[in-house]
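So that you can tell them apart, the chains are marked A, B, C and D in the order they are listed, and the count of residues begins at 1 in each.
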Amino acid sequence: MTLDSSEKLGAARTPDGDGTGPGGAADAAAPPPAPRRETAAGIFFRKPLAVFFLAVLAGMVLIALLGPVFGGDPVATGNPSMQPPSSEHLLGTDHLGRDYLARVLHGGRTSLFVGFSVAALCMTLGVVIGSLAGFYGGIIDIVLVKIIEFFQAIPGLVLALVAAAILGANVMVIIAILALTMWTGVARIMRAEAARIAQLGYVESSRSAGFPRWRILASDVLPNAMPPVIVTTTMTVGTAILVESGLAYLGIGDANRPTWGSLLNDAQPYLNSAWWLALFPGLCIFLVVLSVNLLGDALNDALNPTIGRVK
Amino acid sequence: MRPALIHYGRLLASSALLLLVVITVLFLLLEIAPGDPLQAMLGDAPASEEFRDQMVATFGLDQPMWQRYLTYVGNVLTGDLGESIVSRRSVTELIMIRAPYTLIIAVIALIISTIVCLVLGAIAARTRRPWLDGLISGGSLTFFSIPNFWLGLMLIWLFAVVLDWLPASGANAHGEPGIAWQYMILPIVATATSQLALKTRVMRSSTIEALGQDYIDTARSKGLSSDRVLYRHGLPNALLPMITIVGLSVGNLLAGSTLIERVFGWPGMGLLMVDAINEKDNMVVLGVTIVMTVMILIANILTDIVYGLVDPRLRARFTRSGRSAA
Amino acid sequence: MTTTGTPLLQVENLRVHLPTGSRTEVEAVSSVSLAVRRGERVGIVGESGSGKTVTGRAIAGLLPTSPRVRVQGSIRFDGREMVGAPPKAWDQVRSRTVGMVFQDPLTYLNPVMKIGRQVHEAIPPGRQRSGENGDVLHFLSLAGLENVRELAQRFPHELSGGMRQRVLIAIAIAKMPDLLVADEPTTALDATVQQRVLTTLDETVAELDTSLILISHDIAVVAGMTDRIYVMYAGHVVESGRTREVLEKPEHPYTQALLRSVRSLTEDGVELYSIPESLRASWARKEEARAS
Amino acid sequence: MLLEASNASKTFRARRGGTSVDAVVNANLQARPGDFVAIVGESGSGKSTLARMLLGLIPATSGSVALDGTDLASMSKTQRIRYRRTVQAVLQDPAGSLNPRKTVGRIVGEVVRLHNIARGRDAVVDTVAETLELVGMVPAASFLGRFPHELSGGQRQRVLIARAIVLGPRIIVADEAVSALDASVKAGVLQLMDDLRRRLGVGYVFITHDLPVVKKVAEYVYVMKSGEIVEEGTKDQIFTAPEHPYTTTLLSAAPTLAASYGPPE
């Protein structure tokens, strides 16, 4: 067993003193405030892996944003075709003689854009619907939960595929479809957290103090519900990039904006002769998704310190 | 037994409703889709008005939308998924031919990944050797992050191109019907790996969670060895959430089959769907989606039944309601 | 503690550090010495945070198994040193010598295992007979439960809180331990149920001639059940002695103050009394100095 | 001023086919400023549900909760705001009655702002500090910036009381407000509550399962069992001549220090 049970032992607390006393004795005599909690950031930045992959992710985003400016023209065809990586073309060239580094850089732009946009949409949708359902309860909860359950029970990925295939060809449409099929994860967690917090004393205290519901939701419920939501959202970035690349690999996507997935689609016929065409885009997807997931794990440890604290 | 009947009755009814909604969504998607199936079918070949009209009549494209919808729903419910606009064959028949290919990969991958994930997850959760937990957790996170179709491509490159040990594509030599075992290995490995990665992560955290519960202290207080505590108390409780995860993974498996079958040219439902998408053979796309939906819904129902049988808290609600003490 | 021969349990200078974060830790128990003779009933009282629960868990070998939990000092059963003993030795002690009754009857039973099996498991392998059922039913009835034959086939969620607490007692006594450690065994129960469970505990311990360590924040509960009492404050034992003597003539100022505040809550005509912070601080300093 | 529950009942509908639960059945109760009224009962007796009805947190299924004859259910918005200021809550702390992300200063201050007790940053801080000192958190300045986890249990309970009395309520509904505290801390908080009653004339509806405490502080007692008030009376009546058998059981079950030294028998 590797779990920390000191929490539940409950005895690792400081003496439960009372804050009174003659004159100014209260402060001096108050128990040393419970061993100051480590900050989430402190826990996070102490993990070398987390910091390393945060840097990798930041680097990838930066390159995707700036790279195309320096990386050359992804559609210029003047080079010899099917060249393996060399000093001139770091990632080689493709069957039309286009510089592959430029193409990979360009592809990353769209992949990352899709990943982050989908995650942002999922978070918005999930937080709104989940918090309304969990906090207000009653009929609102019943209806919204039915909606969440429906979106969960439908074969989301298959439908995303069909919908993208039928409506496809536009990044925005793909983002919308992916968000629609992936938001339930955040919503479910948000709902559970909001429902849990709604039962807590401080929400009842705020209610009996006369605060309006929306205010309690915004100031008491949401801030305390955010940690697991942030972790899930982070993971969603990775999943969205994976799914988008899968769609693009199947040829579903914006033909004008090649992504890592569509590069892999183009590369398959040349697996025999040009390994680099299939290797590098996939490696990029892998690195970004791995970074995002590791980040999510590290955030989870940092924000949710009861699990895995003692290893 | 009545509460159980009511429960499963509800479950069946809501599954049926869900299926109807999916069919409707699909149908509407087709209606608002840009592009015209007739045009796609005819391609760029010049066609006489007569021939066009004949096609329209054959496929009912001239009827109003609601009528086509009702006809389609009626047909689907009787097992008729329509006719492929490209090959002119019955969609049901096409799927019947392809489904076994998909199912064999899915079932084998499901079994392998489930068994291995239980072992790995439990080991990672309880080992006292940090490197072993690190290896398993790190490995599962790594494979969880690899796109499975890219993994497939890399497997082909390594085992078919570089090493030349296994065939790269297809289910049998020279496209003959039937399956030769060598052809199954890579698709199964690619499918099972990503499944395994996800499930191992869940198994690890659910074992850790179970081992952190208070009743583990009770078990320890009995003087049971740590192995017995794990096997008798930790794992049985950790396995409950795994039932849900395994059930949910069927959806992933089927959706993922489109990618894997495209990579390996594996002639299953997924590849049928991918080809149909490219050819705008919409009846086939709809048909495959509906069949996959039905399979996923069946998996959900089975999951629910298994869970109800295994978790005494649910079982008791169904069979011994009212017996619980005050 | 002036007794001839080796006591059943002898704890000397027990000190326990528990991790509170990935780098921080707290000294939950600073200095605890206590002894329990065969057949004796001993109480540990203290406020929350006094270290009484951690002490009880350390004695039952049930502290978290993390390597960052540090136990120093000495815990001896019949003279056998257990601090630093290998897990196997602890398994043996837990399977025969010491049983534990926990506070929260809801979470301390395995939700997916039948009651009968959970009790049966607690009977040491050597003593398990082929007709396992007989023993299980015996211990269940000993713990004051009725309809035990049917009860053994049930799952924990089908039982009330009081019944669950009795099942926990049955599990703890099924090994016929030399020592039973009961940590706030009735705190989570309603007063009417609490009284019945305490009576059961009392009768069971008498029947099996088992020693008892009863840990509670509620002095009234401990007073009615024990021969001797240890008063804990901030990780230290500040006073010990025969229960009646300690309660009637407390010597340590903390015990005096604690009893005064308890009496002020339960007895008429006594003004409500809360221990001033300044006093607490001075005791903490004094105990610190005495221990080091 | 009179806070009154008349035949107030609360039925919780069970989800999906289960039987519904009558949490409170025809409860009649009266509380006035300066009174110390206690509701005693064991878990599941419906005492907390009754408390929430008195606070207007959940509506009564039938019957009414009224302040000076005005039914809570039919109050206008302004009447409701006045009700909130008149009837305040102090809830049990361990359930997390303080938002872990807010400082003491903010927790009390936001109530001050909401009800316009003081305007302007400095005025709000002053009001908060005064109130903290009133509940014995001295010097107040040292507590303003602290988070709940940096306080002891007794201090947290005092912050809750400060948050309630800063509105100048006439009646405080306290649900198990001291149950989880150690004896000494419990005595301290009760002292404070009694002190506030004397100084400010606050009345209490004190909900608890802790009989000795009731005997110590209450003047009038309601005994609840399975949703019903089975007996009511002055403290002396209840403790010396209980009429309902359940009350007798409760009284005999409460362990007291004086009752016995050494093992029974």
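Going forward, a contact is a pair of C-beta atoms (placed from the backbone, for glycine too) under 8 Å apart; a residue touches a chain by one contact, two chains touch by 3 or more.
All values reported here derive from a predicted model rather than from experimental measurement.
Any chain bridging subunit B and subunit D, meaning touching each of them, is among A, C; the list is complete. Taking the CA centroid of subunit C as reference, the farthest chain centroid is that of B.
Distance from the subunit B centre to the subunit C centre is 52 Å, each centre being the mean of its Cα atoms. In whole angstrom, the spacing between the mean C-alpha positions of subunit A and subunit C is 46. Here the CA centre of subunit A is 43 Å from the CA centre of subunit D.
With each centre defined as the average position of its C-alpha atoms, the distance from subunit A to subunit B rounds to 23 Å.
With touch defined as above, residues shared between interfaces to two or more other chains in subunit D number as follows: 153, 182, 184-185, 188. Listed for subunit B are residues 214, 226, each touching two or more other chains.
Under the contact definition stated at the top, the residues of subunit A that touch 2 or more other chains are 1-3, 5, 14-21, 26, 30-31, 36-37.
Subunit A meets subunit D in the complex at residues 14-21, 23-24, 26-27, 30-31, 33-34, 36-37, 200-202, 204-211, 219-220, 223-224. Contact residues of subunit D toward subunit A in the complex are 52, 55-57, 80-81, 84-85, 88-89, 91-93, 95-101, 110-111, 114-115, 136-139, 142-143, 146, 149-155, 158, 160, 163, 167, 173, 181-182, 184-185, 188-189, 192. On the side of subunit D, the complex with subunit C involves touching residues 42-43, 153, 182-188, 190-191, 194, 209, 211-213, 215-216, 249-250, 252-264. Contacts from subunit B toward subunit A in the complex involve residues 15, 18, 21-22, 25-26, 29-30, 32-34, 125-126, 128, 130, 133, 141-142, 144-147, 149-150, 153-154, 156-157, 161, 168, 205, 208-209, 211-212, 214, 216, 226, 251-252, 254-256, 258-259, 262-263, 273-274, 277-278, 282, 285-286, 289, 292-293, 296-297, 300.
Against subunit B, in their complex, subunit A makes its touches with residues 1-3, 5, 8, 150, 153-159, 161-163, 165-167, 238, 242, 245-246, 249-252, 261, 264, 267-268, 271-272, 275, 278-279, 281-282, 285-286, 289-290, 292-294, 297, 307-308, 311.
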